[in-house]
Amino acid sequence: MTTTPSDAVLLDVKGLTKHFPVRKGAFRRVKAAVKAVDGIDLFIREGETLGLVGESGCGKTTAGRSILRLVEPTKGTIVFRSRRMAGSAGGVREMDVVNASRRELKALRRDMQIIFQDPYSSLNPRMTVGAIVGEPLLVHRMARGQERGKRVRDVLGAVGLKPEHMKRYPHEFSGGQRQRIGIARALVLEPQLVVCDEPVSALDVSIQAQVLNLLEDLQREFGLTYLFIAHNLSVVKHISNRVAVMYLGKIVELASTERLFVEPKHPYTEALVSAVPVPEPDYSVDRIILEGDVPSPIAPPAGCPFHPRCRYAIDVCSSDVPVYRDLGHEHFVACHRADELSLQPIRDVATTSKTDASA
Amino acid sequence: MSGLLRYAVQRLLLTVPMLFILVTVVFLLLRVMPGDPVSAMLGGKNVSAEVLATYRVKFGFDRPLPQQYVEYLSGIVRGDFGRSIRTNEPVLRELARKFPATVELAIFGILVSLALGFTTGLIAAVRADRPVDHAIRVFHIASFAMPLFWLGLMLQVFFAVKLGWLPVASRLSGRMAFTFKPITGLYALDAVLRWDGKALADILRHLVLPAFTLGIALTGLQGRITRASMLEVLDQDYITTARSKGLHERVVQLRHGLRNALIPIITVFGLQFAVLMGGAVLTETVFSWPGIASYLVLAIGARDYPSIQGSVVFIALFISVINLIVDLFYSVVDPRVRY
Amino acid sequence: MSRDSGAWAAADDRADRGPLRAVFSMLSRGRHALRGQHILLIGLAVVAAFILMTALATRFPSMNGYHPTLYRTAPRLQGPSASHWMGTDQLQRDVFSRILSGGRASLIVAFSGLAISLVIGSVLGWISGFAGGWLDRILSLVMDAIYSFPSMILAIVLVAMFGSGLSPMIWAVGFVYVPTYFRVTRAEVLQVRETTYVEAVRAIGAGRTRIVLRHVAPNTVSAIMAVSSFNLADAILTVASLSFLGLGLPPPTPDWGYDIQNGQKYLQSGSWWLITFPGLMIITLSLGFGLIGEGISDLVNPRRKGRKHKV
């Protein structure tokens, strides 16, 4: 599947919260708040890929940006263990991302990068590819002139582009190629952590596989750590070591990929898993269709945010917020009934045999 | 309804700081200028030091700037804009007297610009990219580039002097001026109220050239905006829907497109008023029209400092009120604005 | 033509020293698109012709054989004739020679004044749009207040206070047009600020200065250019109006607006040529700038083609 991660934790996030104030009226008074991210905990080990999935509007994109402080978190702690900042002393240096000064933040940017979803709007149309990919080196004064050209050429080669592409403009490339340019830009500083914000969602299906494979290869080659954000479980399944499922700003389940798919513990995960297509003609499954719409993040339901749409909900679900706890083997769930429910797993082609794979 | 009321109050409250800023800017501009304001006022002649000092005290220039500012502000609030040096009349009273003339001219000017600008804009949009469209666009740009004072003079030369069809200047002919008794100050309205056909004819004849001149100032702007918004509207899907319903093309364009094309014009009304006032300065001067704009020009020529200051503040107030009304009206038309 | 990527990157080092290079690259890429732009080209031609004419006339006042300011060089108040193409004035000067140099004040004041407004207005617009917060709100309020006030009145009051001559007019014009540049650049900045590529540059760690200068500002250039042309057209009219009202250059300097004011007195007696020709000059020059503005707008916002062929 993917690389074998080390045990060292690279990124440790606790209680991350981001609320966007809603302003109304001619005086722009704050009326309410969009609770985009509402207190999430996660950690990522060096070399691993953590998938982060959820529907549109669940807050996963905001979470990714908050971790990089592209969006200022309202609350919470983010700790990044940087090798680079440790310098010649070796080892790692723990950096408090939320409270980092401007200088520290700028230095941290070399270690934490992002690949954007939309290949069409994430590249400045007025800059050449070479300028775009070379700009990070300029900003951090890491290379000049000939040296810079060489580094740009190298990273472009790593993503499968040619040196002559440096002189061209983004609009001369296809979506898949532009995404490669975006990847090159993210990698040119040799970061440790890369947040992939739905990097293949805007691409044609046939290209998606190419780019995903490229990301995997790059991870192996450069020892990268990924936070892979997506709304599509099947994409995430292939590339992630562990997966976190988000709903209305909260993480409802986090586990290793295998556990999540074989033994989902949260009803929402169960529904998502049931929708993953499996390439087997005889495969049939009770596809779980969720009723109702996703509530607005301005006024999430009381108690468990998922309870209005949950087929297993009981009374306590509408009054008490479920605690996010570890059920063992680093399988985290936020559900009152996690211990008692037997939820339907995915039937992977590999695991499906002629026998029934019952829960 | 409460949403509208709330917005109205909020908008009203916003007007106050705007006015404040304008009034303050005027104050600063007229005080923080090079040279001595008093000797400039006295025509820069070689006046003795005592006379300068007397005048300085009289106009309050000897007092510290903050104090002058407070007096200035309190004067405005009380309605005391000072006295004109030229005529020794209270400035506000003179302005109030001359104000209706400018208003009447402005109203007729807007009518002209609607007739010339709005209609041509519609035509140009409906016949887009064809020769008519190009010709109209050139017309719009030409009116945009037109020096109003020159246009006024040329019209005077041609229609008044050479052809003698229309009067050269002023609001009324000599004899009429003595016999006509205004009520509101808007002469055309007054003539109707008095049921005086002869006076009305005379008044309207005097209005033709100045109103046309002033109207040209707005024609270019209105024409461009109308054309642009009409084009956008015509491209919209609901127009296509109407077409598919089988309605006659002209009906489709007129009914559906017109309503939405009017909105941008209303939006820019505040801007248009600023253009109008600027145009009025030139038009009133050329046609000897007794309005507040020509009053300002005369005041400047005579270095009548209190009049200048008073006129500018008055105009600022006027414009703020107009903008407020337009915004409120617009929020009625488009409720989205209230939020 | 492939260049060594190293040398090319070195060239890009130079490019990164400012948005000017971005402007030129945009223009050079746009050159081939200029081919169909008749309006723009006509406007440019007109303006260029005027500038040339004024420059020559200033350098060689007696270009056409007569001098614009020396008295008694011609018969008094004669209409257009073979020897005096645009007639003569009451001080016995040739009108045509005055026409040739009459645009000097207009052009100098318009360009200089506009340059001042452009710099001040745009920089304030970039800062305000990018910084946001209370600074933005206060600045916007002040600019809106000035913008809502008639520019003509503002200009004449300023000039009346500062005295006559070129400098006061330049500063007056400079002051009057600041809000337009402010609004335009601020609007563009607000739009560009939200784009993903600006976010990407932030993610790289670029500071605000770099983002504004290298990414935000260059994308505002086309809007600035379009606005500038219209402002220039307006400035020409404003200067002419100022001169007409007697607030411009003192005599005997030839100036279109002043000549029109002067010629007013002789209208009744039929000397129409004194005001007709200067006025035509004003219109034409202003029109030239207006056409440039229209042309640039068309370039930047091409209307959707094929409306007539809609399904």
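Going by the order they are written in, the chains are A, B and C; count residues from 1 in each one.
The rule we apply is simple: a contact is a pair of C-beta atoms (placed from the backbone, for glycine too) under 8 Å apart; a residue touches a chain by one contact, two chains touch by 3 or more.
A quick note: this is a predicted structure, and the numbers were derived from the prediction, not measured.
Contact analysis places B-C first among chain pairs (by count of C-beta pairs in contact). Compare each chain's C-alpha centroid with the centroid of every protein C-alpha atom shown, and the nearest one belongs to C.
Between the Cα centres of chain B and chain C there is a gap of 24 Å.
Per-chain CA centroids place chain A at a distance of 58 Å from chain B.
Chain A and chain C have Cα centroids lying 51 Å from one another. The set of chain B residues that touch two or more partner chains is empty.
The part of chain C that touches chain A in the complex is made up of residues 2-10, 12-13, 15-16, 22, 25-26, 195-197, 199-207, 210, 215, 218-219. Remark: chain B residues 17-18, 21-22, 25, 29-30, 33-35, 128-129, 137, 141-142, 144-151, 153-154, 156-157, 161, 231, 234-235, 240, 270-271, 274-279, 281-282, 285, 293, 296-297, 300-301, 303, 308, 312, 315-316, 319-320, 323 touch chain C in the complex.
For chain A in complex with chain C, the residues that touch the partner chain are 68, 70, 105-107, 109-110, 113-114, 116, 118, 121-126, 128, 130-131, 134-136, 138-140, 144-150, 152-153, 163-164, 166-167, 182, 185, 189. Across the complex, chain B is touched by residues 141-142, 144-153, 156-158, 160-163, 230, 233, 237, 240-241, 244-247, 257, 260, 264, 267-268, 270, 272, 275-276, 278-279, 282-283, 286-287, 289-291, 294, 303-304, 307, 310 of chain C.
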